[in-house]
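Each in structure tokens, the structures are laid out below.
Look at the two complexes coming up: subunit A is in both, with subunit B in one and subunit C in the other.
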Partner chain A sequence: MTGVRRIADREGTLAWLFLMPSVVYIIALVGLPFILAVGFALSDVTTGDPSFDFVGVRNFDAIFDDPVFWRSLGNTFMFTGISMVFIVIFGKVLANILVADFKGKWFVRFLILLPWTTPVTLGAISWLWLLDSIFSPIDWLLRQVGLLGEQGSLLGNGSNMYWLGEPGLAMGSVIAVHVWRLTPLAAVIMMAGLVAIPRDLEEAARVDGAGYWRRMFEVTIPLTLPVIAVSALFGAIFTFTDMAVVDVLTNGGPNNATQVLTSWAFFRGIDGGDVGQGAAVALFLFPLLLAAAIAILRAVRKLEVR
Partner chain B sequence: MYVLRRIGVYALAIGAAFFCAAPFLWSMITAFKQNRDLYNPINNPFVFNRPATSDHIIYLFTKAAFGTFAWNTLWVGILVVVITLALSLPAAYALARLDRPWAGWFGITIFLVYLVPPSLLFLSLSRIVVGLGLQDNTWSLVLIYPTITIPVSIWLLIGFLKAVPRDIEEQAMVDGYSRLGAFWRAVVPLTFPGIVAVIVFAFTLTASEFIYALSFVSPSTEKVISTGVPTELVRGDVFFWQSLQAATVMVALPLAFVFNLFLDKFIAGFTQGAVKG
Partner chain C sequence: MAVVEVRNLVKEYESGKVRAVDGVDLATKEGEYLVLLGPSGCGKTTLLRTIAGLEHPTAGDVVIDDQIVTALPPRARKVAMVFQSYALYPHKSVHANIVFPLRAAKMPPEERERKASWAAELLGIHHLMARKPRQLSGGERQRVALARALVREPQVFLLDEPLSNLDAKLRASARDELKRFQQEVGTTTIYVTHDQVEAMGLGDRIVVLSHGKVRQIGKPHEVYDDPADTFVATFIGSPPMNLVTRGDQLVGFRPEHLMPAAAVIKDAQPMKLNVERLEYLSGDRHVYGTLTGIGEPTRVIARLPATVTEPIAAGMDYDFAVSRERLRFFDAATGLRTTDGES
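Take a look at the complex of A and B:
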């Protein structure tokens, strides 16, 4: 008996020994900075004057009075919501393509992965040039087919669309780049779900005479719903917390039309030097992310039940 | 019907590949263009109206220190991967195998850490980096990046470790190995596909990171690709477009190639981590 107990004790010690390095690392470099961020948000620290004075909720009052903050908040939600819908739809289609068998699959998979594996800033730079105000090849194509650049053309008689200069188009462009960049990730996650479906279930449905679309909507999609939820939330979190796309494409402009919370926090906190206000804006993200995290948890729970 | 479906699959596959890769195709054309060809809105942007040139790629290496950025990204990535594996492999093993009653919620908590975004932490982390005297030093990234990669790696590895049959380590212990020995000699080799998935994923995350690299490091010799390319090849309003596009393609292709090699393993890990984690 004592021998068995000793092994159990040893396992407990070993578990802690194995976990400790990761836990210490995370507490020191995620937990501590998080608490520090809360502290900054309640202080008047600036890059010029790093002395720490407690000012209560003054930073929050200041950011709530700023119309740009509300604009950023609205944009953050809108960009995230719209991108998520497209990411899920395109991701689902891509996942179905990637599990099918066809010649040249390896090469197609390689091309499809490109947007996700490329560092965000570099992908965004490619798009910056695609959407250039003068040399955009999209505009060139539109001019060639007569949709742009002549009197009475459908898209106006100017020679260019100014994709990143018009507020509406700039918002559309930012969303398009997010969708382009995150769809492969969603597809890979959903592929994981598709691969995990027991083969016999689909076979049974096929034997029962269910066609492709019927199997898709009555077997495949219900069974992979939790994975679809996980990929939707991954997509949402990556869009929600990203600032590279906005920073490279529009720098928040024109006139803050594409400003989001993360970019606004960066401009306030680093470029503007007001660390306290920057931290307050960034901290505002947290309750929203926590809600998303709880939703992810529930989706993962559902998976575990299966 | 069968033929129609095959055509449908191929059409969708080609369409999807085009949708994803089109910007890179165009980057490849742009990278070799002469300025007089590029900066003329009348020219067809998809063909070479003047002979191709490799001047801008040479510029990338001789004037813009692209080689330095690539080297920095590489060694930072490798060190981060090593730190990540050294810390997350034992942690994942503890959560997957050592039957602690708290392992379930502990694993979930660690996964939630992955959701804490850099945009929330970069302000205070840059203070910590300054406090440690690591500002403007690439080593600051080696220190900070594992905070992004460790949680997600633990989560992935739990799935792979649970797939290793218990009998194997029990047999190893019967054969005289200690628990630690069984872990190292019997379990780790069998988790090799998972380790590969973690290496690829952690490296990709590290190479893409932007906010930390931008706020911690400003001298150009210390920069990594994700910040060096956009800041050094854009001077005020002047964009070195051909060099920028060349850099994008040269980084994108190898990363996607390597990721594609291990995609199946990565997917397997995601399934196991999600379904059985």
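Take a look at the complex of A and C:
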């Protein structure tokens, strides 16, 4: 009995005890693979020949010479940038719906959170069906409304849009799925920010004569700006590091039009067997993500200062 | 300036389970300083918020300047409110806080600046205009909140316990300033507080509320000297009015009117006090004891001013008295005031 209490009293030991699982976890699953990736990027390791030979920056030279790499890099930034904008706008709108008080709000909240609770691959597969080249229900709907499939229709006289077959549409589809999947998370983060605004401020603005939009843009949004920044950065990081959507939806196609850094690293390093080049591509993400992480931490700090 | 009236106002919460405001009728006078006073949970803040338009009444009407505004949103009512927390916009400078209502009213910039300048001058906050609210002291924040309320030249000021966030010393001077400020601008003001000292000091008239009902409306001295019921009698005054049960009546008198018999000159009602304890508070002596001779033995408090010098010691019996004109009578069952002298 007294022995138990003595351990519980030693806070230094306890701190280590509690920290240990996450420290082990981070070292084993983040630290070691990272060092391994740096090592691979500087080597000629392939799946066929796993022997380690130091080759300097040759892998980097190779990927810089590859136009697909540059395309992937551009796509990564474009997908991330565009989806971040939509995620923030839709997230803000949904957050307002989440905090509103109306009949049936529990059902609406459930629906809003559904995409986030669905596994990415499952969601992406459903989208794969929705965007199918022949049986797409979206196309069917467009045909029913008369926007598609007849002479002079707004979207052309073909019977299908080939969402994942046309480079432009494929990119749009990938962005749409990212937005669909990450908006709920952004909405929940922003909802927490909205709830934290003192009710007095909103009411003071109402008595001061401010209408809905003035309250929104002059009181609510400035006060939730740090939270909006956090949700935007979360959205960015999740889009940036995700390859499941691209992998399931388009497999990088058509003709590498939707290739991103993560998927390209995977195709190069694992599917293509050139582990060294794959690692070099993947490492490219690191400085960018580091910057994003620092930005998040700073935004959170600002939130605490207020 | 305007007259604010509420007619048979009812506000229920949780579909009728809680009645925060229970049929309140009252009307201010032009330019009056009306104080809503009551313990916490009496419905005074709800009443104020209903007048502001932040709450919709379950029944009844709010009338400002002969116009029924019950259905109107806050911004259409031309009221200004100062919140307990001041509710300054933390991301805006003092200047931006003050002009916010004017921008919302789409006032042209030059006029806006003139108004802001005038309000800042009146409240002595010109030197703070560039600061953010978090860089201000409590008293300065209060003045900024007042300035923000003032610039719109509203018909009515609604103040929700604006002094409760200030420390005791600042509160006294802020109270004085608030009163002078209101006299200067002459705007009808409704002021909510649970502090009777504030109420007595600031109010032209006081509305005493309890459980969502108005117990009494009157000038400070009326509410103090002639309480309408035992609630008002014991809520106002510190220490509260002494109440002694006599048959189906309660006899009430203020602690300062219970004096050693020798000090009561005219028409004295004699009684005996067994002294238990003495407190010496800012010049006065508070005498705690059991009173006999006019009703059932009751624990009472007497407050003797410094001018009464009779020696009094704990554990002794003394002859005390109350001047008969100072006695108030209440019905023991209902607590309501009954006709004086009907004893």
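A few points about this structure:
Here is the rule we go by: the second predicted complex is superposed on the first by the 290 of 306 C-alpha atoms of A that agree within 3 Å, B and C clash if a C-alpha of one lies under 4 Å from a C-alpha of the other, contacts with A are read in each partner's own complex, and residues count from 1 in each chain.
To be clear about the criterion, a contact is a pair of C-beta atoms (placed from the backbone, for glycine too) under 8 Å apart; a residue touches a chain by one contact, two chains touch by 3 or more.
Because the structure is a prediction, the values reported are computed rather than measured.
Superposition of the two complexes onto subunit A shows subunit B and subunit C fitting side by side, with no clash. In the superposed model, the vertex angle subunit B-subunit A-subunit C (Cα centres) comes to 80 degrees (nearest 10).
Residue contacts after overlaying the shared chain place A:246 against neither subunit B nor subunit C.
Contacts of A:232 after superposition: neither subunit B nor subunit C is touched.
By the touch criterion stated above, A:175 is placed in contact with neither subunit B nor subunit C.
Of the two partner chains placed around the shared chain by superposition, neither subunit B nor subunit C is touched by A:87.
Of the two partners subunit B and subunit C, more residues of subunit A are touched by B. Of the two partner chains placed around the shared chain by superposition, subunit B is the only one that A:191 touches, whereas subunit C remains out of contact.
By the touch criterion defined above, A:203 reaches subunit C but does not reach subunit B. Closest contact between subunit B and subunit C, by C-alpha atoms in the overlaid model: 9 Å.
Comparing the two complexes, residues 306 of subunit A contact subunit B in one case and subunit C in the other.
The touching residues of subunit A, counted against subunit B in their complex, run 10-12, 14-19, 21-23, 25-26, 29-30, 32-34, 36-37, 39-40, 93-94, 97, 100, 102, 104-123, 125-130, 134-135, 137, 140, 159, 180, 183-184, 188-189, 191-193, 195-196, 212, 226-227, 230, 237, 240-241, 243-244, 247-248, 261-262, 265-266, 269-270, 275, 278-279, 282-283, 285-286, 289, 292-293, 296-297, 300, 303-304, 306. Those residues of subunit B that touch subunit A in the shared complex are 5-6, 9-10, 12-14, 16-17, 19-21, 23-24, 26-27, 30, 38-39, 41, 44-46, 86-88, 90-91, 93-95, 98-100, 103, 106, 108, 110, 112-113, 115-128, 143-144, 146-147, 150-151, 154, 179-180, 204, 207-208, 210-211, 215, 225-227, 229-230, 239, 241, 244-245, 247-248, 251-253, 255-257, 259-260, 263, 266-268, 270-271, 274-277.
Residue ranges on subunit C touching subunit A, taken from their complex, read 52-54, 73-75, 79-81, 83-85, 87, 89-91, 100-101, 103-105, 148, 152.
Across the complex, subunit C is touched by residues 198, 200-201, 203-211, 214, 218-219, 222-223, 306 of subunit A.
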